[in-house]
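Below you will find the structure I want to go over with you.
Order of writing sets the chain letters: A, B, C and D. Residues in each chain are counted from 1.
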Amino acid sequence: MNSLWHHRVSIITGSYGSGKTEVAINLSLAKRSFYGNEAIVSLIDVDIVNLYFRSRDKFEELAKRGIHVIAPAGDLRHADLPALPASISGSLHDTQQQVVLDVGGDPAGATVLGRYQADLPEGSYDMILVVNPYRPYTDNVDAMQRLISAIESKSRLRITALCNNSNLMGFTTPEDLLRGQDLLGELEVRTGLPTAFVSCVPAIAPAVSVMLPNVPVLQLGLYMLPPWATGNNYAGEV
Amino acid sequence: MVKVFDCPKSLTDMPTHYCPGCTHGIIHRLIAEVIDELGIADKAVGVAPVGCAVLAYNYFVCDMQEAAHGRAPAVATGIKRVVPEGVVFTYQGDGDLASIGCAEIVHAAARGELITTVFVNNGIYGMTGGQMAPTTLPGDKTSTSPYGRDTKKQGFPIRVSEMLATLDGPAYIARVSVHNVANIVKAKRAIKKAFEYQIAGKGFTLVEVLSTCPTNWGLTPKESLEKVQRDMMPYFPLGDYKDIEAGEKK
Amino acid sequence: MAKVTFNEERCKGCELCIHVCPVKIVIMQKKFNKRGFNPAGVSDMSKCIACAACARICPDVVISVDK
Amino acid sequence: MKQRVLMKGNEAIAEAAIRAGCRFFFGYPITPQNELPEYMSRRLPEVGGTFVQAESEVSAINMVYGAAGAGARVMTSSSSPGISLKQEGISYMAGAQLPAVIVNIVRGGPGLGSIQPGQGDYFQSVKGGGHGDYRLVVLAPANLQEAVDLVTEAFDIADLYRNPVLILGDGLLGQMMEPVEFRQSTPRELPAKDWATTGLCNHNGQKNVINSLVLHAIDLEAHNIHLQEKYALIKVAEQKAELLHCDDAELVVVAYGSTARIVKTAIAQLRDQGHRVGLLRPISLWPFPEDAFAKVMPVAKDFLCVEMSAGQMVEDVKLVVNGARPVHFYGRMGGIVPTPNEIATQVLQIMGVK
């Protein structure tokens, strides 16, 4: 096994804007690279909350890299309709497939998982809560705990681990992840949930590894960039 | 000597623009009397409609806003949310409330918005020249139903009070008339109750007042009052349709 | 001693007051007010019972009543 | 730690409004601006404010009318088709001189169009989408920090001139995320709202009426002249634009909002190659930043207007340039966002570079 996941099915959830989609895409690529070229890795976009910057937008690019993106097809790909593809259940049951579910943000986005509860018996999946304490409504441990309860209640699934995705996009420093880990440490104590990994761009990954030696690092290649961005470490302008 | 009856203080001195015999003037006066009796002139905010009563903002001695056609309940919602201690009322005709503003009144009522609507129903568009209203009676001739309202082609009148009374938001809904003195007294009681319910925070309140349009009906003022009793009241029965303190009618 | 006072300049001559007066003392005057209406008035004030019916039906707050 | 928060455009605009003292929001859901009312519905009760989901955009803007008339700082937001529905109320507010902030997160049109970003609502925004002679102050941010700052300022501008202010964003701006910092705007001296309808007891018994009906032609003309005089003041005082590399620019690209950011990337590439290209980015679309054009005219030989539309702002550019220089246009529509390379290619063609 791998330290980033324990099960075939990884569900990526969290508050919206926490960076779930980047984490889901990069986790899919990590699975692909871990299991090799023969492995079928499906990235299921069940984000019916968000509109732009969804993993389905990178359909072709990810297909070239061996990731099978499951999302509404044709015109529906560009719609704000909650039209779920029929193949989702199949992928969840196909023991040959590695699956990553990119879930919409907040309890609202997690609600759709409740519909697949029968396909996801407890112990058959990792459900990772992506946390960015630089977002409103997840900037303290109480709020994070409330989010966990709300997502679990709506999705009717259990969160199994945490992902520290502390970031201010291109302005992120390793210290930001360290500060985030302090909060997650408190959350670990309160909930008993482990931090599965921290995620950050490659530029700061070595420094993060030094500061947080006990937590695996998922390096994020950035896919959800705005059209004016160039390069992997886009900072924006402020 | 003691005053038995005098002009209410909440009406301005300005003579109204309404045609001779039009009962808008009576309804204005009843509202002003209620405002006087409840002592709320300094915290009342009225919303005038588009229709014959478009200039109503000239006639009340209280703050007023003039709304776009049909939107008075939305405007009143905005006002009431900002000034919750205020007493907010809309004054709307049947075209304004039951046609173009149907959504606004239904949803203000459904939200239980703490406002009072005085709905003046005379079954015709007075302002624009006597066109068919959503409350025009079957068979009545108007400038857009020249052959008489044919329910097969032009549908049926809307009974607003009955419709809104099915909602949970309203606290008080009544239909009254001003076609004679006894009913004028009752109409005032209903309007007063509506304002009192608003002030007590009970919910949305609406008083539908059957009214006249001698000019566009082509009747004398006296004949117009008779038409209200003879033709309108059978189709639009008077009474309390909802009173959360007294249970519901029918 | 009952008394009705007509603010004749406000009157639009709609005649509604005439029809509701129980003692039939309200009449239309022959003269015109400044706005060109025949204002209503009272023929025999001694018969007035100060019921205020005329005032209540008047759409133009023309009438005040004392007793 | 930094004072910055990572926010989505729609959320950042909402939070900025709350920090500017907005306590009332009336809206109706439409993609791609839903996070704005959603955020407001969650956040306003925390600060003692009021959120109402109206039954329609028509109703929402009229609730704004009522609330603004009662003296509150109030906001509504929508996206293109919804803004069309609000035009009736916007015209009434301009006529009754009511201050409020309206946000349009523009999507592709016409009609139902798509949910992808667009800039096809420029005409509607700056030329008056509703009836009558009126102007909105229209501010078009290009990044989230600017969106936050402009929303803060928009409430002051609205109150100062008693006029609605429109924040013109697009789907990209609403949906993208960036770190932002909430800061105060430069304080302005604002007049008291002694005209508000809050009940006579709140303003010394003087009756206040909020109204846009003026029946007498002489009076209505006088009212319109007053409005036009107000707009003339705004035109002098409230122009905003960004000039980038314009000191020596032979070709000046004119673009606003998200498009301007893509242009910046293109200009960075072109500058690296030694081409004298600059950007004039109107921030206030009305008043149109004519003063900024006066600054670049001495050096500029050509103008290129880039928009996510068939060419709307380009008409204002042509009016300002008034035939003195050629004005070129490049636009994409239907939710297609131009790439930096496309824009660079256009620039090189105009400059005659093979």
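Methods note: contacts are C-beta pairs under 8 Å (C-beta built on N, C-alpha and C of every residue); 3 or more make two chains touch, one makes a residue touch a chain.
This structure is a prediction, so every number in the text was calculated from the model and none was measured.
Novice: Quick check for you: compute each chain's CA centroid and the global CA centroid, then name the chain with the smallest gap between them.
Specialist: D
Novice: Go ahead and note the Å separation of the Cα centroids belonging to chain B and chain D.
Specialist: About 40 Å, centre to centre.
Novice: Using Cα averages as centroids, what's the distance between chain B and chain C in whole Å?
Specialist: It comes to 26 Å between the two C-alpha centres.
Novice: For chain A versus chain D, what separation do you get between their C-alpha means, in angstrom?
Specialist: 34
Novice: When the C-alpha atoms of chain C and chain D are each averaged to a single point, how far apart are the two points in Å?
Specialist: 60
Novice: Taking chains as nodes and touches as edges, what kind of graph is this: line, ring, star, complete or other?
Specialist: Shape = line; chains linked end to end, path left open.
Novice: Taking all chains into account, which pairs touch?
Specialist: According to the stated criterion, the contacting chain pairs are A-D, B-C, B-D.
Novice: Spell out the part of chain B that touches chain D in their complex, as residue ranges.
Specialist: 41-45, 47, 54-55, 57, 61-68, 71, 74-83, 85-87, 103-104, 106-107, 111
Novice: Would you mind writing out the residues of chain D in touch with chain B in their complex?
Specialist: 24, 26, 50, 52, 54-56, 58-60, 62-72, 74, 88-89, 92, 96, 197-201, 205, 207-213
Novice: Touching residues of chain D toward chain A in the complex: what are they?
Specialist: It is residues 1-2, 4-8, 11, 15, 31-32, 35, 42, 114-117, 143-145, 171-172, 175-181, 258, 261-262, 264-265, 335, 337-340 of chain D that touch chain A.
Novice: Which of the residues in chain A end up touching chain D in this complex?
Specialist: On the chain A side, the touching residues are 16-17, 50-53, 78-80, 132, 134-137, 139, 167-169, 171, 176, 179, 226-230, 236-238.
Novice: Report the residues of chain C in contact with chain B in the complex, numbered from low to high.
Specialist: Within the complex, chain C touches chain B at residues 1-3, 9-10, 12-16, 19-20, 35, 37, 50, 52-53, 55-61, 63-67.
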